[in-house]
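Structure record follows, encoded as structure tokens.
For reference, chains read A, B and C in written order, and residue numbers begin at 1 within each chain.
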Amino acid sequence: MDFYYGLAQIIGVHTLLGLSAYIVLLTGQVSLAQAGFQAIGAYTAAMLTVLAGWALVPALAASALLGALVACAVGFPALRVRGLILVVATLAFGEGVRLFFFNFDYQVARGGVRVGPLGGEGFRQIRYFPEHGWTTLEVMLFIWAIVAAVMAALWWFDRSRYGAVLRAVGEDELAAQSVGINLMAIKVSAMTVGGAIAGVAGGLFAHYTTHIEHTNFNILVATFALAYPIVGGLASVFGTLAAVVFVQGFLIEGLRFLGDWRNLLFGALIVLSMNLRPHGLLDAQALARLKRLLGR
Amino acid sequence: MSMLELKNASRHFGGVRAVDALDLAVDEGAIFGLIGPNGSGKSTTVNLVTGLFPLTTGQILFRGADLAGVPVHRRLGLGIARTFQNIRLFGHLTVWQNLWVAQNSPEDHARKGFFRRWLGGSSGVRAEIGELLEFAGLAARQDELAGNLAFGEQRRLELARAVAARPKLLLLDEPAAGMNTEEIGQLRERILELRGRGVTILLVEHVMELVMGVTDRIAVLNFGQKIAEGTPAEIQADPAVRKAYLGGDVK
Amino acid sequence: MLDLVQSILDGVLFGATYALIGIGFTLVFGVMHKLNLAYAAASVGGAYCGLLVAGLAPGVAPAWAVFFGAFLAGGALGYVVYLTCFRFIPLASPLATLMATVGMLLLIDEIIVHVTDGMPRNYPAMFDDVMLRAGEITLRGDLLLVFVVSVVCMVGLLALLFRTRLGLATRAVSQQPVAAELCGIRVTRVNAATFVITGLLGGIAGALIGASVGTLSPLLTTPLTVKGLIVTVIGGLGSIPGAIVAGLLVGGIENLFQMYRGVTERDLYVMLLLFVFLVFRPGGIFAHGAGRD
């Protein structure tokens, strides 16, 4: 049973990662930086609980805040220019963050042992959950409580004017400007919210894996983050969730027997799904059909 | 008072003078027509007023204030709205949402708090948007995706969306293109209704039926320059206008 | 001071490969207004394929045969990327093509890792024992070759674009694809040709990089992708002269950073360079409007 709880934990954190890219995608911008924000959140939360003895929830709040601040700072120069340049800028930023943590040393003695991030070796012994007696089930429920809260918030955005404005910007920037929408403010706000969500995802990730290092936040992860909302479709937050379940649950675990060749399959699968369903698994038409099926 | 003034306004693209030393004054409450052959600079003029292009020379004054340096989205906040020659609706948003996102007037800003305006539900604005839907004749279609509407409905929605921000000056860029006589008549009614509400209108148009029937004053552009200005009757009789549209002497 | 000049010079010579990669990204952008994120990976892949030539005649195959193999393989890989990412996906879904190229990037990377078991492979070099001297400055023979071959490729590309019918068709498509189609230009052919041509350039670039570094490793893909994209953006998306200048610039500055701050921090500074450009000159060195030239 613990195995399935572990899988659910992974799916939960990846959903958050996907959602952080989703909200930026609504404004029509492609961000490959979400793994970078996740890294910042992970190291922040871990350092706060391990080195400074903070409780988990405040540490996660700090991750969200730091993720948001950095995303905002990155957004300002990067969002002033055309969308494809943002792809490059966020890619470069993500790699830059990874390189930064590859070189990052900050160790402190705690109870006779040196703990803290150590460059290429990463950050070991993030033992908040075991030290406080959390079971795997409890960790999973905690993660999913946060996922549910974030999904509810984003779902509420979608029903509010903010959500409509985000999508208007994503659809036609010229028309949006002409009805009085401040493009920069909207795009940066989406980037900031995305950064906060990714920061929380990082904080949760650090604590359930107990050992993080720079390779956990590489281009592959940034791609996953982006792939989920694209493959899942942008019509609704549930598309992203569906994509995560599909990719993680079915593909990676179900095809475990492929061993090393799984990663190969991931790339091939993306190429295939983009050719077959360019608008995502759950695009607007599929969503409409699903709604009719469910009798709404 | 002059609602809109262009003084010696020019817009050059390299060697092309899209708009050349244009002087224009639109009085408050007027319906002012801007006509001319294709390529005469009518749409460019609209784009200059809304701030899409910067001026090469000259000034544009809105209610006496210079618009230089004011970004596009802020001009709406000042009270300038527009429609587009090629309809630019948010196709994947519903009719309701298209109107909702356009509520960016200073009155809207002042009336509700920040959170209510952005994150509040739709109940608070039901009355206002309902009114806009009535104006557009689309009350029954409010949950339809804008991209799925018929062409005439889309034009009505675009007009309503421009009106959603309570503009003082409304720039209409060839709103009658592709319309039949009945639709043009309905458009005429809606334009007059807007004037009745106190909106000043600059109408860029090719369809003479509409222009001659609804405007107070008309300016005629050719190759970016104003070649004539006057009442509809004066313009129809003007030989320079005839020449620009029809070329050479007409017997 | 001398070290400074030497370092910059070596960097600029090497930077010609960055210029080639940058040209590859910028050309596809100019013609199709899309980013091909798999480009650097395909270039490295092409370089690996060049090694297959060496495998056919171990110890005997001359270096230039390997380069030529890389050149051809790069072109072939370019065509494969075109087929899998751009031929069938509706061009109105830019996200889909972007993700597809990312998928190909991961796929090519993984294939390389699997086939080589993740071990770096030695790459043959030419003229690596030649050292020219100009006063106190040394010009490494192999770096000079890299520079010269890159320049030849760039000249060849420009000749192709400005002196041939294919080049004319390419420029037409980059400006007005619909009108070009209506004039009888087969846009799909032009697009495919663009990918093959950039692939050829990429294969050579990959081989040159392998030759000057001495080894080829799958770890090369990511930094090359990022740097290539940075070069493209700094030079201005769609501008070939921009990519050339930016490539040389990044090469020189990168070596400078390496001299002062070491290899690991060097890449961080190159990224900072990108952000500096984004803030002060977002259009790139040769900021331009529509069109690719």
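Operating definition for what follows: a residue touches a chain if its C-beta (ideal position, glycine included) is under 8 Å from a C-beta of that chain, and two chains touch if they have at least 3 such contacts.
Note that the structure is a prediction, hence the values are computed from the model and not measured.
A centroid comparison over C-alpha atoms places B as the chain most distant from chain A. Chain centres defined as mean CA positions place A nearest to the mean of all protein CA atoms.
One simple way to say how far apart two chains are is to compare their mean CA positions; for chain A and chain B this gives 43 Å. Note on chain placement: the centre of chain A and the centre of chain C lie 31 Å apart, centres being C-alpha means. If you average the CA atoms of chain B and of chain C, the two centres end up 48 Å from each other. Considering their complex, residues 156-157, 159-162, 164-165, 167-168, 171-172, 174-183, 284 of chain A touch chain B. Residues 25, 30, 77-78, 80-82, 84-85, 87-89, 91-93, 95-96, 99-100, 102-103, 218-220, 223, 226-227, 230-231, 260-261, 263-264, 266-271, 274-275, 278-279 of chain A are the ones that touch chain C when the two sit in their complex.
For chain C in complex with chain A, the touching residues are 29, 35, 37, 84-85, 88-90, 93, 95-100, 102-111, 114, 222-223, 225-226, 229-230, 232-233, 237, 264-265, 267-268, 271-272, 274-275, 278-279, 282-283.
By the touch criterion given at the top, residues 50, 52, 71-74, 76-77, 81-82, 84, 88-93, 97-98, 100-105, 117-122, 145, 161-162, 164-165 of chain B touch chain A in their complex.
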